[in-house]
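Take a look at the structures listed below.
First chain A sits with chain B, and in the next complex the same chain sits with chain C.
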Partner chain A sequence: MGSSGASGDLSGEMEVDAFRRLFPLRFYERHLLESVRPDARPLGRARDTTVALGAVATADGSAMAKIGCTTMLAAIKLEVMTPPLDSSDEGSVAIDFHMPPICSPIVRPGRPAEVAPVVSKQLSDAIISSGMINLKELSLVSGKAAWMAYLDIYCLDADGALFDAALLAAVAAFSHLQIPAVTVNDDGRVVIMSGENEEGKLLKDPVNKEKRKLTLTCIPFSLTCILHKNYILADPTAEEESVMETPVTVVLDSSSRLVSLYKPGGPVLAYMSAVQDCVALTRQRVKELQKILSDAISDMEVD
Partner chain B sequence: MSGKTATAPTTYSPSPTQKKRQPIFKDVDWIRPDGRGFHQCRPAFLRTGAVNAAAGSAYAEFGNTKVIVSVFGPRESKKAMMYSDIGRLNCNVSYTTFATPVRGQGSDHKEFSSMLHKALEGAIILESFPKTTVDVFALVLESGGSDLPVVISCASLALADAGIMMYDLVTSVSVSCLGANLVIDPISEEESYQDGSLLITCMPSRNEVTQLTLTGEWSTPKIHEAVELCLDACSKLGDVMRSCLKEAASASQE
Partner chain C sequence: MEFVSPEGLRLDGRRPMEMRQIRAEIGVVAKADGSASFEMGNTKVIAAVYGPREVPNRSQQISDQALVRCEYSMANFSTGDRMRKPKGDRRSMEISLVIRQTMEACILTHLMPRSQIDIFVQVLQADGGTRSACINAATLALADAGIPMCDLITSCSAGYLNSTPLLDLNYVEDSAGGPDVTVGILSKSDKVTLLQMDSKLPMDIFENVMQLAIEGCKAVANYIREILLENTKQLEYRRGT
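Take a look at the complex of A and B:
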C-alpha cells in the first residue's frame, strides 16, 4: 500500500484505515498525486481479468468473468418460439442482468438495486446494436420456429465496473453457446435429437442436423473510466466509484469501431480530450480482452 | 429490444419430457444414476471467502448442486423493526433462472428461506449482537438435488467466515426413501421419485438437532435407520467444514 503519505497528513495520529473511511476523497487525492491507486495500480491499468467458459452445466452456453473481485456468471438457455411476422426468419435474444442480494451489501431481497435495470438495458443495446450476432442464424424453420436465446447474467460479487464484467461474461457465453441438434416431432413441436429415440429419428427430417456454434462478428468490449479533476482512472473499484462520481463507459468492437459511449452526467464536465483519452485506453483494453477471450476459447477446445 | 419484449412470444424448451424410469427404483438392486453407493454422499467441495463484498461468504458444490451464501452484518435493522435486546437473523434463498433444467423465473424461494432461518436460529448466539441484524443470503446457481441441506451447511460455513458467534457449525443431510432402499444425499432425479424424505440439521459436536423434517410414507424402523445415517453423515460433513475453515485461517495468516 502506498499510503504512508496519507497517514502522515495528520502527523500519524490517525490510522490509515480510519483516514480512508473518514476522508475518502482526500485519501484518494493523495494517491492520485503520486499517480498510483490504493491497490497499487497505475491510473490507466485495469485489474486482472479471467474468463472461464462452460461454468453452468444446465445451460446451452455459459461463462464466468472476473475483473478483480467483480464476478459475473452468464448463462444462455435456448427455447423455441414462433417468430413474429415482420422478422419470420430471425431468432431473438432476451438479455437480463440480475443483482441478487448475495453480491453487495447495498442490495436487499425485495428491493432490487437501481443499477440493475440500467446495466441490463445498456447490455442489450451494446450486444444487439454491435451486430455481433446474426439473428438469422437463430432461425429454425422460417416463419414457424426460431430460437429465443435467454441470456441471464448474475452478479456474484460487485466491486465496480459492473457493465464491463457483465459484457465480457455475456460475449464469452455467446462464444461458448452450442445450438443443439433438433427435429420436429409429430405434434409440430421442436424437440432435441438424442441418441435414445433412434427409431423415431429416421422418420422425421432433422431441422438442425448437428450441434453448431454461432459465428460472432464484431465482438463488443468495454472499459469504464472514472473522471476526477484531470485524472482518468480506468476500471474503477466499487470504492472508487462511490468516491468519484463521473463514470465514462466506452464500448468498442473487435475492430476498434465505436459501438457506444456512455457518460451519465456526474460532477466532472469532460472536455473532448478527456473523452478521447478514455477511448484510447479502451482501445488498449480491447486488445487485452480479445486475447483473454481467445485464450479461454482455445483452452476449452483442448479439453 | 424493449419493443420486442412488450409482445414477448411464448417459448418452450425443446428438452424431451421426463422419461418414465420409476420402475428401476422399485427393485431391490439398482444402481444410482451417478454410480454412488446407497449410503455414500457426493464429494463435497467447500470454500470460504467467495464474495469479497460480503462480511463472510462460502461456496459449496455437492455434485451438480452449486450454492453461494453471503453473510452481511451485524448491521442496522430495518427501521420498521421493533426494539430487540437480542440480534436478529434474516435469511433469503433464491434460485438463478438457469438453476433447473427448464428455465425458471429465478424468484425467491420463500419456503427454503424460512426453513434456513429456523435451521440456523438455534445455533447462532443472538445475544452477541443486540439490536442489529445479520443477513444470510443464498443463491442456488445450479440445482442438482438436496438443495436445502447444501444451502444450510454452506450458510453455517459463511457465518463462521463472517465471525458470527455460534454454538457449533450447523450441518445438514437428507435421505430419500425409494421403495425398499434408503439413499443418502439424493440427486434431483431420485428426489422426484422418492416415497418419503428425511432432513436432519444438527450441530455435530454437541450432538443436538436443530431441525428435523420428515415427509411421506415411513415405517418406524426405517426412520431409525435414516436418522442414524443422517447423523453419521452430518458429523463427517462437520469435519470437512472444519478443515475447510482451518485451511482458510492458516492461509490468511501467511
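Take a look at the complex of A and C:
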C-alpha cells in the first residue's frame, strides 16, 4: 500500500476496489470529471427497467418492477367495507411499503429500515394526490358497500431509487387490477359471483356483471436524481446514494404536469436551474416509463 | 370430501406419490451474500443469507462458533385472505425457530467464531408446504453464500387422507384435518434433522408416510444438486476458465 501523501493520488498505488471502499467520494469524482459513472452510464441515464404484470396469482392485481437491481413486488387485494358517511359513494385505497430483511444488509429484524415509512408516506401522497384513481369506481352500493383496495409493496432488493421503483410497481399493479364480479345476497352481504348461476340466490341484479378494470387517468411517474457540486446524477444506486447525500425526487404525470417535488435537505443547496434540470430529466424518463408500462400491459393482453 | 378420486387422482390431478413441480433460482437478491428463490407448485419463497458478519450486540456473540439467526415472514398478499400481522405472530416465530435449528445442524459454525449468519425467508405465495420450501430455499441460499455446510438439508411434507399416503400436500389438502408429516433430512448421510407431525396416525401407517416424505426429500436433493452444479458451471464460464 502506498504512503498516504497529502495531495497524493493514491489510485496508482492501490487496487481499484480498495480505493473505492476507502475514498468513495474521490472515486466518484474521478468518474464525474469524465461525465460517466462507475457502471459506465452517462450522468442522465437511468438503469434498465422492466415491468412484469400478474406476478402474484393470488392477488387481484399485481406487478413486479425492476430498475437495475432494485426489485419491487406490488400486489393489491380487494376487500368489501362500509364507506364512511362523508364519502358514501367512494371506495378507499390503503398503501403500505415494506422492506423485509432480505432486501438489504442494513435492515435487521429488530431494526427496520428508517427509509421504509418515509417512502410509504411519499407513495401514498403521490398516488392519491395525482388523482390517478377515481374512488367512485370503487363503490359498490352507495352508502352500504365499497371496495377497500389494500396495496402492499415489498422491496425484494434495495439498490437505490426505491421510490421510483415502488411507484412504478404500484402504478403497474393498478393497471393490472381486475375488480371481480360480485352480487349482494339475501343477507345484504356482498359475495363474489362464481361462473355458474345458483338458482334462487340472485334476487338482485349483480352489482358488476363481469370483471372490470379501473380507468386510470394522469398516471404519475418519477425520477430520483442526486446532486453533487454541480453534477446531477439520475437514478442513483445505493452506493451513490450513501456517498452523495442530496436526493431530489420529481413526480410528473403522463401529461408532464408536476405532481410532487421532494428535496429532503442534504449538503448541496440547489439553484432553481438545478431543479429545472431535474424536471427536464424526469420529463424524458416519463416517456421511457410510459412506453415500458404500455408494452407490459399489451403483453398481458396478448396472453 | 373426497381428496383422492376412485381413479387415484388428487384434487389438482396429481397421483398420490407425485410431488408438485419444483423450480429454484440462485442469486435473486443482488445485495445479499447468498440468495435463492424456491417454488413448490404455487408456494413461492425467497431466502437471503447475510453473513458471516459482525454480531451487532457484543454480548450475544459466541466465542467459539457462529451465531445463526433466522426470520420467517409472509407477505400480506401471500394467502387467500389478506393477513393482518405477517410476522411476530406465533406461527411465524415457531417456523423461524424450526428453520434456524434445522440449518444449524448442518452449518459448520465452529469455523466462523464470533460472527453471525442471518437467514431471512420471505414467503410470496403460500399454498401449503411453506416450511419445506423455506428450508430448501435456505439451503440453496447458504450454498450461494459460500457458507461451509456438512451436507445439504432438504425437506418435504406428506399426509394421509382417504386411506392413502399423499406426498407434498397443498393448502386444501393440508387444511383437511388429516395428519401432516414434515421431514427434513441431510441428503447424503440420510439422517433426519426435522420431523414434525400433527393429528393422529397409527404407528405402522406413520412409518409409510414418513418414508414417502423422505423419498420426496431425496428427489428435492437431486434437483438442488443439479441447480448448484449448473450455477457453478456458469460461474466457471464467466471467470473464463
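Basically, the second predicted complex is superposed on the first by the 286 of 303 C-alpha atoms of A that agree within 3 Å, B and C clash if a C-alpha of one lies under 4 Å from a C-alpha of the other, contacts with A are read in each partner's own complex, and residues count from 1 in each chain.
The working rule: contacts are C-beta pairs under 8 Å (C-beta built on N, C-alpha and C of every residue); 3 or more make two chains touch, one makes a residue touch a chain.
All values derive from a computational prediction rather than experimental measurement.
Undergrad: Assess the superposed three-chain arrangement around chain A: do chain B and chain C clash, or do they fit?
TA: In the superposition, chain B runs into chain C.
Undergrad: Should A:134 be classified as contacting the first partner (chain B), the second (chain C), both, or neither?
TA: neither
Undergrad: Touching A:108, do we find chain B (first), chain C (second), both, or neither?
TA: both
Undergrad: Where does A:178 make contact in the superposed view: on chain B (first), on chain C (second), on both, or on neither?
TA: neither
Undergrad: What's your read, chain B or chain C touching more residues of chain A?
TA: Residues of chain A touched, chain B against chain C: more for B.
Undergrad: A:88 contacts which: chain B (first), chain C (second), both, neither?
TA: A:88 contacts neither chain B nor chain C.
Undergrad: Counting only touches as set out at the top, which of chain B and chain C does A:260 meet: first, second, both, neither?
TA: Neither: A:260 stays clear of chain B and chain C.
Undergrad: Going by the contact rule set out at the top, does A:69 touch chain B (first), chain C (second), both, or neither?
TA: Both chain B and chain C are touched by A:69.
Undergrad: Looking at A:56, would you say it contacts chain B, chain C, both, or neither? Reply first, second, both or neither.
TA: In the superposition, A:56 touches chain B and chain C alike.
Undergrad: Residues on chain A in contact with chain B in one complex and with chain C in the other?
TA: Comparing the two interfaces on chain A, one with chain B and one with chain C, the shared residues are 56-59, 62, 69, 71, 73, 75, 77, 79, 96, 98, 100-105, 108-109, 150, 152, 154, 156-159, 238.
Undergrad: Which bits of chain C are touching chain A when the two form their complex?
TA: 28-32, 35, 42, 46-48, 50, 53, 56, 69, 71, 73, 75-80, 82, 118, 120-122, 124-125
Undergrad: Mind pulling up the chain B residues that touch chain A in the complex?
TA: That would be residues 1-2, 4-5, 7-16, 50-54, 57, 64, 68-70, 72, 75, 92, 94, 96-101, 103, 106, 108, 135, 137-139, 141-142 of chain B.
Undergrad: If we count contacts the way the header does, which residues on chain A are in touch with chain B in the complex?
TA: 56-59, 62, 69, 71, 73, 75, 77-84, 92-96, 98, 100-105, 108-110, 121, 124-125, 128, 148, 150, 152, 154, 156-159, 180, 182, 189-192, 194, 197, 238
Undergrad: Inside the complex, what are the residues of chain A that reach chain C?
TA: 56-59, 62, 69, 71, 73, 75-77, 79, 96, 98, 100-105, 108-109, 150, 152, 154, 156-159, 238
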